[in-house]
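Same chain, two partners: subunit A is paired with subunit B first, then with subunit C.
Up next, the complex of A and B:
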């Protein structure tokens, strides 16, 4: 039915997109991974380059901060988004409140960095001002190593909870009303319905949100870049920022590649199972 | 009675959280429209309240680095990068949805896998590549990397949408002798307008908001994007919140407006992950 030439012409559907992706994404990614195996003077020494990178204080700090980020941000946004979705399912005025929660998702993360500086500022910030009501003397959170990372993580909760919210809300809307009606007839309380119907049926959604959230957390860059540049000291350093400082401020492409590859490995551990599942 | 009470409590909590979520942005907005002397003890004290656009005028025309210039650059980069990537990805997405070839599944998974990559993994080679192509520090170079970077997700999203379209219309057109491209252009694209809008909205917002690729490809002040200027302003005018708040509001207003007008499409795109 199809003419012979159509097989070849069909390649044209893929060619332009493929060309761009291979040149600017696929090949560069492979190149970075390969570069990471070499020392600056061109010796193939994968073990020692990785050992050297992991031995550096700022890289270790970045790794730890990425994990601390996940440990706090993941449960808070996951649960926060779920609770908000359930809460805003039927509330009056939901069409006004829902976009407010999503606002953080469309705000540039670089602006998010300035917002973190702003709301935790000693004089102008609403959080320190609020805490003075409880007798805490105001200070700029991002200027102190013990509070800076926490302030950034809270800022990223504001930016990202909208994601968990939108997806859980979409998930909720697929659950048939009848289930709840039937449960009510059987005398189930709203709490019981939540744990017996809502939560189990939302499980696949929650799983997807969790994986994509971890990937987003690992990639955190612009927020830290604008807010603190990793400081004070290395108190808020993260891997993505460390790659930038290594590669584009110290122009050490080898250690930049090692840090980028470490980040890639962490991201792929979570991304591969998800994509294998949803792309087939 | 108890039911009415719990409904009221739920409303109260929902509204309180919604309003609380606005506080960071409200703070920036309040600071940006008032002289600094009024907000130096907190933007929430509203006596006195003097409205001014002075901060916006200053940010807009900032000597040496006017934000106006940055916004123009951001548009020059974002619009072509969005149009090109959505168009190219829709072609490839259609191919993945309808054409059958060997190893197709693995090929598709491999491309989709690229959507998870951290930008840092391509940073150094992209920098060297653009340098060799004499495209470093040009808008064209930045457009190229953004176009390529958006394609994997867009292919994933559009292919999934195209697969849901009824195949009968296409088959009828083919019987009438329409070529693959005619079918794509005349039948598929018009039927996919909602998905194409979702794709455009998301790619536009992502490209507009990006910082990393601009940082590694654009160095001359007059070529920098709007987003890129924010950290620079912070360095130069440390804690000058009149300027920083006005600039932040201006830069955010573009993606926020796109989102407000096309909310439905934004949400459709975002929830694509749980579509199956």
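Up next, the complex of A and C:
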């Protein structure tokens, strides 16, 4: 009887949160997926809806750009965060340097987009100014289709590397000192210790960082919205921005739902393996 | 415990009584949603106060930008509500969507299209019924602003024809402190200002009828005439380095003001943001006989609690209200014939220059949707890659509504 009542009590405490999740997460997600199967005039036509969306130049461009974003952004932030965490583990003045690295992480992404515009500006930006030292003539990177996406990705690296750094730093601090001492006694070099001890023991953390970074990359919106609005042309268009454009500028909620569902599928493709791996 | 209950009952009773009294007083409070902030609000606020005095109502004004209105209104309409009784905005597709969905009141009996400049009401009519009234406008000037002081300092003169215009550009380009003769403003990477210039060039060399047919979809963007005008008039200017790189709008105005890009083609709202509007001169593209506008329309929600008062207010704004508004300057112009003396001296000079020209609705505002998005993204591309003209025109034609 006692366990029955405590079970009921557990459910009662759990219910409000579950209700919120069902109303504000599950229901909208399911409704969006269902909406994606219909045309604007109410006909059930899932294949043609998806074919029409994927046939559009802007959507194809957005899909490619998101993958390019992942291909560049993921290794750079992962490695960058890890290297910084290792370097700043014991260095003097770390309590001063570490907050500077996470500054990007605490900057609102929309503000980050505005900052990116100025960082790469021909006259005001530090990047073009730095490159003039190597004889590169200055230009506003976000104005040109061949450099705009790369500029946004670099800006995103600055905003997100702090996250990778923080998590890797926390992971490093859980590795027992004894392992390194034992390795030293056995004659291992710092490089050997890094590859044989640090990397393997940091793998769970690195996996988490990798998946969360991919999710960030797929849902990136505010940075692009404030920096370039997807232009010039469709040079910086991404799926989240396309979803917004379809729904709230073209008033085509069915197309917007198709893009949203594609985004959901892509995120699940990356997230589900992690959840399985963690559960094992 | 008893005392606590008595206190609680007393407080609730007072609150209830106050509520009843408030309702009983019955002064209608009309909620208006407008897009003007900062200096623009300073110009509009006295107009709101005058409306309150003239009509014996209270007005609660809230700022909702056109971009937010586009997002908020369709969702609220779907729920049968609206965030305000009266709205101001230039977004024609939103107005038409609201009209067709029964979310806006029919205002046909409040004014006639003949009361306004020709063509002002056409975009907001559905099956012969008027669903919005033109309020004020900031013309997208068919030419270039310059500073009198800059021209005087460098011995420059307004051009009377196209060859003189090209010669002027060369003269300006030769000045050492100039980055390029014409500043290229964009906003968050969007090229609506550049789109206005493109439309004005099409009007100057193709005539107002070309613009009307482009807007209606009966002439397509890949039409040889459209391509030829842009290829032979605009693209060479870009290729010869007469334009700066696309620059965010406020830094662009700054560049223009400091003389780094002494010419700028932008709407008359410029007059509201510069230090000394008296120093701003304007010359039109030689041969221009029309210009592009995106008037701010006033429209009334079907879900208003005070339909009669809201309609009266809409009518007041479209008539007396806009006359009051334009007297306060800031580059604001009327959408109906008004005595030129109502304009402050700077605006009067501009009004005289535009007098007699055809006033044509902005194609991006009229078409909206996919076309507007594509247009805003495409024009900055032309300015950095003039070879992409054909590709851009094909994209625009793809998104252009059918006639």
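As a convention for this text, the second predicted complex is superposed on the first by the 263 of 280 C-alpha atoms of A that agree within 3 Å, B and C clash if a C-alpha of one lies under 4 Å from a C-alpha of the other, contacts with A are read in each partner's own complex, and residues count from 1 in each chain.
Going forward, a residue touches a chain if its C-beta (ideal position, glycine included) is under 8 Å from a C-beta of that chain, and two chains touch if they have at least 3 such contacts.
Bear in mind that the values here come from a model prediction, so they are computed numbers and not experimental data.
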Does the superposition put A:233 against subunit B (first), subunit C (second), both, or neither?
second
Classify the contacts of A:170 with the two partner chains as first (subunit B alone), second (subunit C alone), both, or neither.
first
Quick one: classify A:115 as touching subunit B (first), subunit C (second), both or neither.
first
Most subunit A residues touched (candidates subunit B, subunit C):
B
Which holds for A:139: it touches subunit B only (first), subunit C only (second), both, or neither?
second
Name the contact category of A:276: first (subunit B only), second (subunit C only), both, or neither.
first
Looking at the overlay, what does A:250 touch: subunit B (first), subunit C (second), both, or neither?
second
Should A:96 be classified as contacting the first partner (subunit B), the second (subunit C), both, or neither?
first
With the touch criterion stated at the top, can you tell me which subunit A residues are shared between the subunit B interface and the subunit C interface?
117, 225-226, 248
Across the complex, what residues on subunit C touch subunit A?
70-71, 74, 93, 97, 186, 188-191, 245-248, 369-370, 372-373, 376-378, 380-381, 383-385, 388, 392, 395
Complex contacts: residues of subunit A adjacent to subunit C
57, 117, 122, 139-140, 142-145, 225-236, 245, 248-252
Which of the residues in subunit A come into contact with subunit B in the complex?
1, 6, 9-10, 13-14, 16-18, 20-21, 23-29, 31-33, 35, 84, 87-88, 91-94, 96-97, 99-111, 113-115, 117-119, 121, 123-124, 126, 129, 158, 163, 166-167, 170-171, 204-205, 208, 212, 215, 218-219, 221-222, 225-226, 239-240, 243-244, 247-248, 253, 256-257, 259-261, 263-264, 267-268, 271-272, 275-276, 278-280
Give the list of subunit B residues in touch with subunit A in this complex.
10-11, 13-15, 17-19, 21-25, 27-28, 31, 39-44, 88-89, 91-92, 94-95, 99, 105, 108-109, 111-127, 129, 144-145, 147-149, 151-152, 155-156, 174, 179-181, 184, 205, 208-212, 215-216, 227, 230-231, 234, 239, 241, 244-245, 248, 251-252, 255-256, 258-260, 263, 266-267, 270-271, 273-274, 276
